[in-house]
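Taking it in order: structure first as structure tokens, then the write-up.
Going by the order they are written in, the chains are A, B, C and D; count residues from 1 in each one.
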């Protein structure tokens, strides 16, 4: 019986560690068999391109999940940030208009709204760390506030984003889409931060045990807040690129993106209970897997509602696997 | 305590701490009567109660889960799937011809949907040890997907119309406006009875405060958690009956936007998000307050986006207030 | 203690301010007519213009306008219309979210004796509103695609079609799909359908769906969209594939559209699209307000449905027809 | 006095009204190893936590190398050169050995990233010193507890440490690891670092320490060079207190029926092959030091943890599966040592705590609790146990004194009229007066025919109340003696 249990545990470990690769491989083979167009370099690039904006947000989410937090406001902060950009275009101020049409001016404005994303993260972080509120309640509430503010700004109309941004988000360097380049850069930077800086290692430590971390002299609250700020910043970048890809921000923009982002992180092996997870390969493989599922289902002409069900099943199983060894309270 | 002069102050404080929403509700109500045009008309007060009905039912269910320190995101999807399934049975299925048969079957089916989803949630939490906020996030997606997929399979248009007239009574059609109010009130009364009088209720509170001590004291922790998740789902199923009857169609978008108001009702009402404190009495006040806010702002022509902002801010303020009060009391 | 009281006082004050912000000039107003506007959302440029035109037209006629927005929630729209009725508006002009679910509101209006006029989006159900001002969706969708097919036949070109589909809870989307499909069937010599892309009226869904559909069908050469609202994702996808080119330029990808709003007409003028079925935002607004006033005065319309016959603008007749389209003055 | 590293004068501390430290005066000299011995609950941990900045003292003064010393947090203590090696491990399992060693401050390159090469180099040195079978890149989660502890010690050594406090460092080390540790400690002494060494293993204390301080009941009994003590003297001064509290005398008879029987119980290597039998009316005590497996035994007996091997029989019924629910059905009760986390709903009123176990019997077929009966029983329990509470409906349990809190826990179980009681540290954190009342409750329960198992780290208490005593050490029962053979030194000798 003992031996059996050991075998089971080993199998489980294998599944949690490498299951995502197996799943990806199986899916790629299945979809390739189902549609000849699937396994072309064009389509694989397309998958990367579709995955990139959300992938950037997943990187931020990993930071928050590592300290056993969660941010379900990320979709709505994407909406607010993008709406602000669209809104600036509708003000009709000549100077502002000129800026939006100028590369450097646009860069500055984008920089400012990304900072705004950081401020949103700061608010979430402070409420969670200093005021000891449950992360999912905090971010549910701030999310609804952001959505309200965004709708107020746009008057619930769809707004166009600056053409320069559209060109940026849909452009290519050589044959590689720019968004993919941005994604890679973000992954490289933040993977480095996580692995090779004191901050990153402290995050892992806090996730493993906040009490021990405090005893070891780590500034737990400050690091926690920074994690939420990172999540806010990267969520904003992802949102901006996603809006740029579409070319406009409608009232429904960003709704439900938090599902994709969180489930991608968890699929990539990041634990909801903190202290475990990675950006490369974890987050990257997670978002690619989800995008592949969506892409492949579309190629098989599946009903779009199946996507929702598939998304739900994916997140359910990813989290069920993550939870099996959890020994805390049931709630 | 030591100083008799403090006694009165302590009583007020006790009341404010225990039911901070009550003076707010009364105050807002008076403000609304005084300043909101057409608020205090029979037509509007009737609307007000009708609008609270389904919210109260669904919030009561959610209260049980929040009392355990958890959350149930899937209630809105249960509302949706129930609505679509019930409407299908009443309007499109082979039973559709005989309302006398199809209506009860539909009602049972809608409740069964809630029961089933609640069971899955409960088992996910207890057996698979998933935290409820992600387990239900996932079931929310799955159930919503099922609802929309089902609707698109059985009907060309997304919403399913053509329900039997008799069913609308449950939604308060015409002179039967008291029916949904009565249903909601019975559900509330039942919840209150469960929590205040039965052993199940006592166990819910005990587990919410200290699951470990409850377990050692012989409380069947897992069973109780499954039960309260089932209640949450079941009540969402009942709410789905009332909401469907009220809108008179089966809608795959019925619950989409409802979660915020639901959780806001529970939290603003004063049930603690960390579990063990609160109850449906508070939720009732929360529901009345949130609906009042919605209704009054609507009458004033304030946009829904402003209401969203206000609801979000209220949740933050309630949770922060709870933290402040408890921190000083040394609870936490 | 003091903190607690201050918190309460602050919250009540905030509510009072919110109440104060709302307009309550009509509290004792005399005979001015009040129109209630209930729009689902203002997502597309067409709706923004239409909503504004209705407001201006009503104000020009001396009416006061109260506007509420349902943000894509059909159940909320019903509640909001109830609240409009509570405010004792004289008539309601409604752009419904859900063609079936709105029936409940029509009933409510009947019961309250308040006329309701549907604008642009028709109702599917047994009970129709007093007046519907709608485009002849199916006919226009059929005609616009048919005229494209004729042009194609004249040039000896054949097309592989990707058909975008709107949200099926919107009767407009259902009817336009039917019109498009009829045209496809009748012109199968030049048009062959290779993929249908459901968009849910969501630009992101449309973007991803279209990307995947074009990937799966490299031979596709025509996109048919049921609304100009979907142009941004169409443009983005074609740009990504280097297919966003004018007619006659290498790599050109044909587009046929619907609505005739500023964006769609501009693309037609610039040569990116081939044809557009323009429905008149101003005309529909004018008719709606006119009939709302007529109904208030007790005049009944000759028929329940008043069609905006619309205009089919193509690359061929642009110079003749386009100046008659409402959005023409906005073009660059 | 230039060579005094740390000086404590008149340090006092009380928890919820119970005085734990009564004016401690202590000198720690530079470069010496000071052994600190005493029974559980003597105040060693509290004292060390005050020095380590984990808790604050109520009054008194401390000075560190002549400077006034009053740490606000563990961090400030660390910065001033005081390192702590705790009983419980403070490592992060998800990080590597090297990362754990440097967690408080990584070596950095010029642009702020972690200098992996420097880190690896320094970590390797550290590992080499103990010749641990790890590399700097090994993840801590894959290591044994012993090795983890060595890493924790190394971590403390890495800092500019002047004083090191070891709290039971060897409990999970193998013999070889222990030898290495001792060698290191001697090296440290030579480098002028002061050591405080807390241990129950007197042999080790004698071997390592220059001086030994004995702490008892929050007072320092003796401080003298190690050579001045013999082992038996040391034990005597540790336990040799006069009877400070009286024990009630209740006439009772021990019956012949065995109510609780456990045979060959094992759990996770912490409880090994334990058997016991308790008859009706009998009180059996279990004495053991911290980590002897006493608490774990109690939890296994009550089904809180699932046993790996063995059988439990209650009331003559062999139980196939154990859980609190099932045990309660067999009329068993369990009072845990951790009142706050496992015993009470501390933020709830007294009434809600008292009825927690009993309420299952007060429901009708609909599950409705008979509130009148409940209130009557609650009031009766409050009267019987003399719980001092003004309004049992409103007053929160955590506002009561320790003794009354414990009586509430007793009340919760006594209401059920249990036949079998398992009591783990029943008088912990309870003042002297309330202790007497609690003993009375226990003895009266035994008189009414219940079988009682008391686990305690206070020998006095067991001698005063028990009919028979078992001694546990490392999960094994090392002694079993009737009341006539009770002897403090013998008991402690068996436990050490």
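We take it that a residue touches a chain if its C-beta (ideal position, glycine included) is under 8 Å from a C-beta of that chain, and two chains touch if they have at least 3 such contacts.
This is a predicted model, so every value here is computed, not measured.
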A-C compared against A-B, more contacting pairs = A-B
Can you name the chain that lies farthest from chain B, using the mean of each chain's Cα atoms as its centre?
-> D
Could you give the separation in Å between the centres of chain A and chain B, each centre being the mean of its C-alpha atoms?
-> 30
Roughly how many whole angstrom separate the Cα centroids of chain A and chain D?
-> 45
Chain C and chain D have mean C-alpha positions lying a whole-number Å distance apart equal to 72
Going through chain C residue by residue, note those that touch at least 2 other chains and give them in order.
-> 69, 71-72
Out of chain B, which residues touch more than one other chain, so two or more?
-> 152, 212, 303-306, 310
Spell out, as numbers or ranges, the residues of chain A touching 2 or more other chains.
-> 151, 156, 303
All chain pairs satisfying the touch rule are A-B, A-C, A-D, B-C, B-D
In their shared complex, chain C is touched by residues of chain A numbered 35, 37-38, 40, 42-43, 46, 49-50, 151, 155-158, 160, 166-167, 169-170, 177, 242, 245-248, 250-253, 294-295, 298-299, 301, 303-304
The chain D residues in contact with chain B across the complex are 302, 304, 324-325, 327-328, 334, 336, 341-348, 352, 355-357, 359-360, 362-363, 366-369, 371, 398, 412
Sort out for me which residues of chain A touch chain D in the complex.
-> 192, 196-198, 201-202, 204-205, 207-209, 212-218, 275-276
In the complex, chain B residues that touch chain A = 68-71, 124-126, 128-135, 137-146, 148-149, 152, 211-212, 221-222, 225, 260, 263, 267, 273-275, 303-313, 315-316, 319-320, 323, 327, 332
Sort out for me which residues of chain B touch chain C in the complex.
-> 9, 12-13, 16-17, 20, 23-24, 27-28, 31-32, 35-38, 41, 43-44, 47, 50-51, 152, 156-162, 173-174, 243, 246-249, 251-254, 256-258, 293-306, 310, 317, 321, 324-325
